[in-house]
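Given below, in the form of structure tokens, are the structures.
Note that subunit A is present in both complexes that follow, paired respectively with subunit B and with subunit C.
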Partner chain A sequence: MRYVTRTSALECEDFNSAKSRLIERAEKFGEMSYEARRIIAMLSQDFIFDGCTILVHGFSRVVLEVLKTAAQNKKLFRVFCTEGRPDRTGLRLSNKLAKLDVPMKLLIDSAVAYTMDEVDTVFVGADGVVESGGIINMMGTYQIALVAHSMNKPVYVAAESYKFARLYPLDQKDMAPALRPIDFGVPIPSKVEVETSARDYTPPHYLTLLFTDLGVLTPSVVSDELIQLYL
Partner chain B sequence: MALCCCQVGLQYLSGDICGSNARCIAMLEAFKEAIKDYSTPPEKTLCRDLTAKISSYVSFLNECRPISISMGNAIRFLKSRISKLPITLSESEAKATLKSDIDRFINEKIIVADKVIVRHAVIKIRDGDVLLTYGSSSAVEMILLHAHELGKQFRVVIVDSRPKLEGKLLLRRLVEKGLSCTYTHINALSYIMQEATRVFLGASSVLSNGTVLSRVGTASVAMVAHAFRVPVLVCCEAYKFHERVQLDSICSNELGDPDAISKVPAREDIAYLDGWANKENLQLLNLTYDATPSDYVSMIITDYGMVPPTSVPVIVREYGREHLLT
Partner chain C sequence: MPDTQALVNDFLNKLKKRKIEGSQATARQTAELLRSVISQQRVSYTNQAGALIDAVKAVGEQLIAANPVELAVGNIVRRVLHIIREEDLSLTTAAIGGLNLSAVSDDETDDNRDDHPVLSAAAVAAAARSTLRPPSLQTLLEDSPASAAIPHTSSSGGDSEGKSKSADKNSKTRKLKHDVIEAVNELIQDIATCHEQIAEQAVEHIHQNEVILTLGSSRTVLEFLCAAKEKKRSFRVFVAEGAPRYQGHLLAKDLVSRGLQTTLITDSAVFAMISRVNMVIVGAHAVMANGGVIAPVGLNMVALAAQKHAVPFVVLAGSHKLCPLYPHNPEVLLNELRSPSELLDFGEFSDCLDFGSGTGSPLLHVVNPTFDYVPPKLVSLFITDTGGHNPSYMYRLIADYYSADDLVVQRRPTAGN
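Here is the complex of A and B:
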């Protein structure tokens, strides 16, 4: 968004030319992000080997692109996909992957630790990559990363570099949470509180590598890139 | 020897000026004074002779108390400025240039840097927080006072230790301003850490592997905070960064007066160590600094923003040269 609006276009006096300039920027951004996804998908191929089992959490276009490219490259792999409540993101992803004939298994969100023994790598996308090298992503990413870390499984993050943000959360509550209503399917007594935060923060300690259009980075490099970008 | 440098040196020796920012500013002010009184001897050039003069002052100050990394960086800055003076400049012009350079260094690298650090750090203070700090750091003090001025509701825990008991000074200043404080010694750290939600620490220097050099005891505080999963925020101006790497705190430390730990003031009954110097099999160790490994540091707040300790070498690389050249 910032890329689209932060431009000289807004200084134009003529509204129509400013408008067309903004649209042009937005289209360019769309192209850029498509290109970024392609680069990421290409870079990540070395990390998907034949016979591996990949655990995916949340619906991410980058991760989908990664898996799609791997399938096109005739790699043999299996995907475990979490259900992703409350938005059922996992169901969306599994629909897409089933069309590519990738062997799939759906898990409920609480079955991550149960299946982690069979998993070789964890792939997640990111809503934002923060300065510490950690990521902000769909609720549940943190606990998957924790489980993977304790079982010594690598956690890979696929994220375009425009998702890098100059934020530095110290803990989960350090940022204004985005809320998402949850439908439990049964009535909830009015006195019971419901945690409706949509995202959590995964500290860099639990991430192995980040695949970005700048290359394959360790979490600590994110801040280096940000310093060079902003200062 | 310039009088002003003597004075500053003696103040270091007596401990009247302590804290790395205060020491650095005092040293630069003394140099400024010395440059004002300086006149080039006949048949010598200003830039050669003045550099030698400054070096002799520095070695005198070093005798009084070993110079810190931040002071070393400031001295490097001044010397590079002197050596870059155009030869065509007259003596008075050169002196005026150097004076304004020193003023700019103090202003940009220390005073404005602190303001930026304060602005960043207060974002991380929320209502209801319990902030723990160790010893007395000028940057941390400014942060706490500013957060209080902004009306944030928080409590401060000041952890202190013998022999310097610097925390008491900080405590007095904070209490006067109306902050609610708890004061304790480092012995009670593992108890008090349960209450803390953030740990704010000052630093004497940050090395390029992220190791933080600070008042002795800081490493223990950071380690306990890490064990209790309390975030540790180190506040440090970027001019204190150094490209050196150091793994333990013994190399390049400073030895304090052993009497300071052998004697307990106002406790005549604790005199077991009287005459310790005559005992061959006894050595007292009073270190001034220690090294906190970067694993225990969640974040370093500096004038370039909030960065993880792993990014210190990037700042040193990108900006270390800049403050020498500009």
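Here is the complex of A and C:
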């Protein structure tokens, strides 16, 4: 969304034309991102094979599209879906997938390592793909990638190319954290501090491949593509 | 056309019966076949490149289907398609450079005005699309009108404007075909000379008194080692025999005949010997886009042993072995099982392999895979005809050699088969 508003270079002619320009931009952008998701879904089909188990984390429209296309292609696969505390994104995803008759299993976020030996591939979306080839995504992606890496499972990222951002985070705290309230269900004493960051950074080392509308990329290709995009 | 069809069928048969050994021979023959397909293709006046591309694609799909494991075939088909696109592009930009130029510059100013403060999503997406669709060259040309202007002026100097349109087109199409055939010839030449190009770099990598380990036999490796020997380097080579085909024996023989100090070891002795080795140098069957290697069976084990002892694992590969696909499940999908006769003597083992006894299936199973997949993280260096590269750099070479269009179009039929 920030892309739509940021683009339009509203040179203050009059309000209505600026508004129509914005809407036009937004529609174009929506169309584009839809097209991108379609391409990504197509590219990633080869990587979903019959009988595989896929672990997903967080709600991502791209990942949903990938799984939807796979289901439409009559692939037989199973999806493990994390709960996605605190905003329950996993529940949203599982609702959508259940409608497609894909076998689903919900996990609590802390059961990832427990179930990893049954998992064949990990699929995640991304909020942003940074210059190093790492991704910024919903809290918990980093630890899933770590677990998957230690058990030799591939981690695939599905992300449209407009998510490429010119950032180079050096560690988790490097970016201004997006905060998000967490409901613990019970009152928390005021002296207790709560970690409310909504996203974490997964270094490229733990990612196997990125599926983008530019094609299938290894994490090291990302910086190259970024330079071309922003040239 | 009939005689090309016969040629194609002949080649298809050879591929299906696995009569052609080695990716270099396959690559060369594919390129030669495609050259004759192109030269036989009738010239139509409009959309010449399209017709050529369709013809090459039609043949290419058959060839890939004939032996999907021999990736060199697909590579060469894609290379030829890329050549046609590039040549067509350079001709069209030359011919209608003027028109294009004004249109492009219009677009550009429009875009520039739009994304004044920050880079716009639309611009990003436009760039994304243009990198996705046409070959990179076009984006280059679009981005710099100055470079587009140069071919334009030169071409207008060549073709006088008084000429009729059809004559102009005719010369253009003939020129396209000519250029394409010329470029394919160059490609064949490249494939033929890739050994020498790679061997030239040998002295940079092999030093005095080093111990080199290799497995099986590869002509590239032989040339590479001999080139270092010719430059007065003295070193020792350990050759693992490469069961079950024992091509290492042949390599050892060749090395000795060229005066190299050679030690022959069994495949199972690799780990025992690796601590004495300075560098592992091997050939490859194919190199995938992520830097993974499809190599003769046993090499993954060697690579793991090398990693354990921090010995550099160097892969020699001509550019025809570069495959623009990403491997998924390569151990199974990009592998081939050969005859068990290479492992066992049927006479001696006929009892165990008897289908008639008991359950109807033999108790003894023989699995004889041809290839191993070596993941990119185990490879230290690739040496190709253009120099030494990191595994993570492979995609860059691939972007140079192939156009993005062909990957997707070609992949469908291969996946379907």
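Following the convention adopted for this analysis, the second predicted complex is superposed on the first by the 221 of 231 C-alpha atoms of A that agree within 3 Å, B and C clash if a C-alpha of one lies under 4 Å from a C-alpha of the other, contacts with A are read in each partner's own complex, and residues count from 1 in each chain.
Here is the rule we go by: a residue touches a chain if its C-beta (ideal position, glycine included) is under 8 Å from a C-beta of that chain, and two chains touch if they have at least 3 such contacts.
All values reported here derive from a predicted model rather than from experimental measurement.
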Subunit B and subunit C placed together on subunit A: clash or fit? fit
Query raised in the report: Just subunit B (first), just subunit C (second), both, or neither: which does A:161 touch?
Result: second
Worksheet item: After lining up the shared chain so the two structures overlap, which partner does A:28 touch, if you call subunit B first and subunit C second: first, second, both or neither?
Response: second
Notebook entry, point to check: In the superposed arrangement, does A:228 touch subunit B (first), subunit C (second), both or neither?
Noted result: both
Winner on subunit A touched-residue count between subunit B and subunit C: chain C
Worksheet item: If you stack the two complexes on chain A, which partner ends up touching A:220: first (subunit B), second (subunit C), both, or neither?
Response: both
(Q) Contact-wise, after the overlay, does A:140 reach subunit B, subunit C, both or neither (first, second, both, neither)? (A) neither
(Q) On the A-aligned overlay, A:47 touches which partner chain: subunit B = first, subunit C = second, or both, or neither? (A) second
Three-chain overlay: angle at subunit A's Cα centre between subunit B and subunit C, nearest 10 degrees, stands at 60
Subject >> Partner chain(s) touched by A:171 [first = subunit B, second = subunit C, both, neither] >> reply: first
Shortest Cα gap between subunit B and subunit C in the overlay, whole Å, is 6
Subunit A contact set shared between subunit B and subunit C covers 220, 224, 228, 230-231
Listed in rising order, the residues of subunit A that touch subunit C in the complex are 3-4, 6-9, 11, 25, 28-29, 32, 36, 39, 42, 46-47, 49, 161-162, 164, 209, 213-218, 220-221, 224-225, 228-231
The residues of subunit B that touch subunit A in their complex are 124, 198, 231, 233, 298-299, 304-308, 310-311, 314-315, 318-319
Counting only contacts in the complex, subunit C reaches subunit A at residues 113-125, 127-128, 131-132, 143, 289-291, 326, 328-329, 376, 392-393, 395-396, 404, 407-408, 411, 415
In their shared complex, subunit B is touched by residues of subunit A numbered 131-133, 166, 168, 170-171, 174, 204, 220, 223-224, 227-228, 230-231
